[in-house]
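Two complexes follow with chain A in common, the first pairing it with chain B and the second with chain C.
This part shows the complex of A and B:
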């Protein structure tokens, strides 16, 4: 498989407060890769390392087949980037911001930019400082798309936008991907939004990658089981991993298990042990993400205690 | 790309530069205007008139290096205004090598320095043309403008470098300079009590000789700034 982004054992530290330790990441070319994590998990830091804004202390980063930050200017010609917060010079008009941006990009498509201007309902003479958050978000997306990128890096691109603008922006991005087969790396905490269009998902917490799998696999493997007579049954030794175990609605003999790696034949294994499987519920990406995060944190705190 | 960077620099600097440009045009004119008074007041005595003109030019000449320092500082400080406001994120996301970005920005600033010098040269030229100069006194608008350009460019380069860093770096640097100015000499005097050679150091004199005398980096701000001279 060819990868648009590759991180190999990347390490970066910000004093004693936060660090990314030996992060290994693979974003398949042509995929829409959702990068999930709670606030402060290291999503934006990872993106800044990709963009060459910060230098890793160790490890290798390759983007579109080239080493970063060594080949950065060449790589960035093929990358569209929407940062977490607006970064445009506020005293400029939309047209001026477009002119400035276009002057740095060899691949700038002026015709496509004009088309996007209309499509996203932006006026060229509008001053950026007088624009709403939604309009600024749309302008940033326009600037990122009009360079005709092979790789689009979006850091919380729809954060704080109203649903209508969010839909406009994401529809524009998806149309572009459908047309060009570009790779999208999108970081967001709006998990259910990512679920609609991502085909890969990576989860980061406290600077470490917890999982990186195709979305379907992620969702398929995580289930909530409603079990009878499961009290006292040890979960170790089962072919799936138990992420969470809670008594259900105060009923003594009933428990709810959140498991990862569940497959149909596992029901028989439980029933052999005298457990009745009442219900197997598919979790959506958001629930799965929360459960996975909870279990990893519990596991980490146990290891810390030891 | 360079044109766009220059435009951005001008957009950031234009309002603070407006009074500087007015002064750059007006100050040499004022120096010339003083000659009308000087030569008019003593037209019967040519020598007295010549000295009055030179005296007047010398007084106005004190303002030119100050103006050059202010012009350079304004252009230098405004070079990075927008980059700092957004933590340099926009600049860092552009597909251009960092040294090239800085070089283009510096080049843009140099053009603004040249434009300011152009305005100054216009004022100085006009002033020389209109001046009522006694025999033996000449106007030096060209030389003065070159002097002004180099001084402005020096101030610009210093402030450009200082402003390119973070607020923390700038604060540390300015704080260190202030600390040296305020506490430097008393500290040396105090230490002189233990070891006499240290007490003999005159910090002001040392700074002057290092920075201004003997072709020091700021020596351009000293020397002859006369628009009218023999």
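This part shows the complex of A and C:
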């Protein structure tokens, strides 16, 4: 598989409070990759490292097959980027902002930019400081798309936008993907939105990657089980991993397990051990994400206590 | 045809999309020779990954429901009556299974469900043949 973004053991530290430790990422070319993590997990830091705004203290970063930050100028010509906070001169008009950006990119497609203006319903003569958050968001997306990027990096692109604008913006991005096969790396905490179109998901917490899998695989493997007579069954030694266990309370012997790596045949395995599997409930991406994060944090705090 | 596609469902989106087309064919909602929306427009409309739509259409083509005409798009094939009947039977079985599963969760037996279905069918027929006074 060819990868649009590769991180190998990337390390970056900000004092004692926060660090990225040996981060390894593989973003397949042509994928729509959702980068999930709670606030402060290191999502934006990871993106700043990709964009060469910060230099890693250790490890290698390759973007579109080239080493970053060494080949940065060449790479950036083929990358569209929507930062978490817009960085536009507020005194410029939409048209002027477009002209400024066009002059920095030799891949700039002026015709496509004009088409996007119309499609996103932006007025060329409008001053940026008079624009709403939604309009600014649309302009940022226009500037990123008009370079006809091979890789589009979006940092919380729809955060704080109303649903109608969010829809317009994402439809435009997906339309571009259908036409070009570009890779999209999108960081967000709006998990439900990502679930619609991401085919890969990476989860980060406290500067470390927790998992990186195709979305379907992630969803298939995480289940909530309702079990009878499971009290004596030990948590280790199962072929799946137990993320959470809500034990039976009082006389009811019904336990709830949240498991990762679940497969159909595991049911028979549990029943052989005398457990009755009452129900296997599918979790959506958000529930799965929350459960996974919870269990990793509990595990880490246990290790810290040792 | 594609209303209510649910990204949170455990059924993969491409399967949901393919299934909507099969139902539309089985119920006569679309007929042979009709074009499906282009990958690009359907992905935009549903806000899903274009690759998901491609996969759904590929699946439908493999089953013989649609055909891809080069440079023109994807079209509903002329399904023999038998295949349509087969799809209708498959749907009926699916509905029955999910009703049984739901019933089992509530502790209802197959008998009880059958009775209920028979009653509903009778009531429904009664209602539709009733002559307004």
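By our rule, the second predicted complex is superposed on the first by the 301 of 306 C-alpha atoms of A that agree within 3 Å, B and C clash if a C-alpha of one lies under 4 Å from a C-alpha of the other, contacts with A are read in each partner's own complex, and residues count from 1 in each chain.
We adopt the following convention: contacts are C-beta pairs under 8 Å (C-beta built on N, C-alpha and C of every residue); 3 or more make two chains touch, one makes a residue touch a chain.
These numbers were taken from a predicted model, which means no experiment stands behind them.
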Could you tell me if A:91 is touching chain B, chain C, both of them or neither one (first, second, both, neither)?
-> first
Chain B versus chain C as contact partner of A:51, first or second or both or neither | first
Touched partner set for A:133, first chain B, second chain C, both or neither | neither
Quick one: classify A:179 as touching chain B (first), chain C (second), both or neither.
-> second
Check whether A:171 is in contact with chain B, with chain C, with both or with neither, and answer first, second, both or neither.
-> second
Counting only touches as set out at the top, which of chain B and chain C does A:231 meet: first, second, both, neither?
-> neither
In the superposed arrangement, does A:74 touch chain B (first), chain C (second), both or neither?
-> first
Report for A:123: first if it touches chain B alone, second if chain C alone, otherwise both or neither.
-> neither
Within the complex, chain B is touched by chain A residues 51-53, 72-77, 79, 81, 83, 85-92, 96, 99-100, 103-105
In the complex, go through chain B and note every residue touching chain A.
-> 1, 3-4, 7-8, 11-12, 82, 85-87, 89-90, 92-97
Within the complex, chain A is touched by chain C residues 7-10, 12-13, 39-40, 43-52, 105
Chain A contacts chain C in the complex at 30, 32, 167, 170-171, 174-175, 177-179, 192, 195-199, 216, 219-220, 279, 282, 284-286
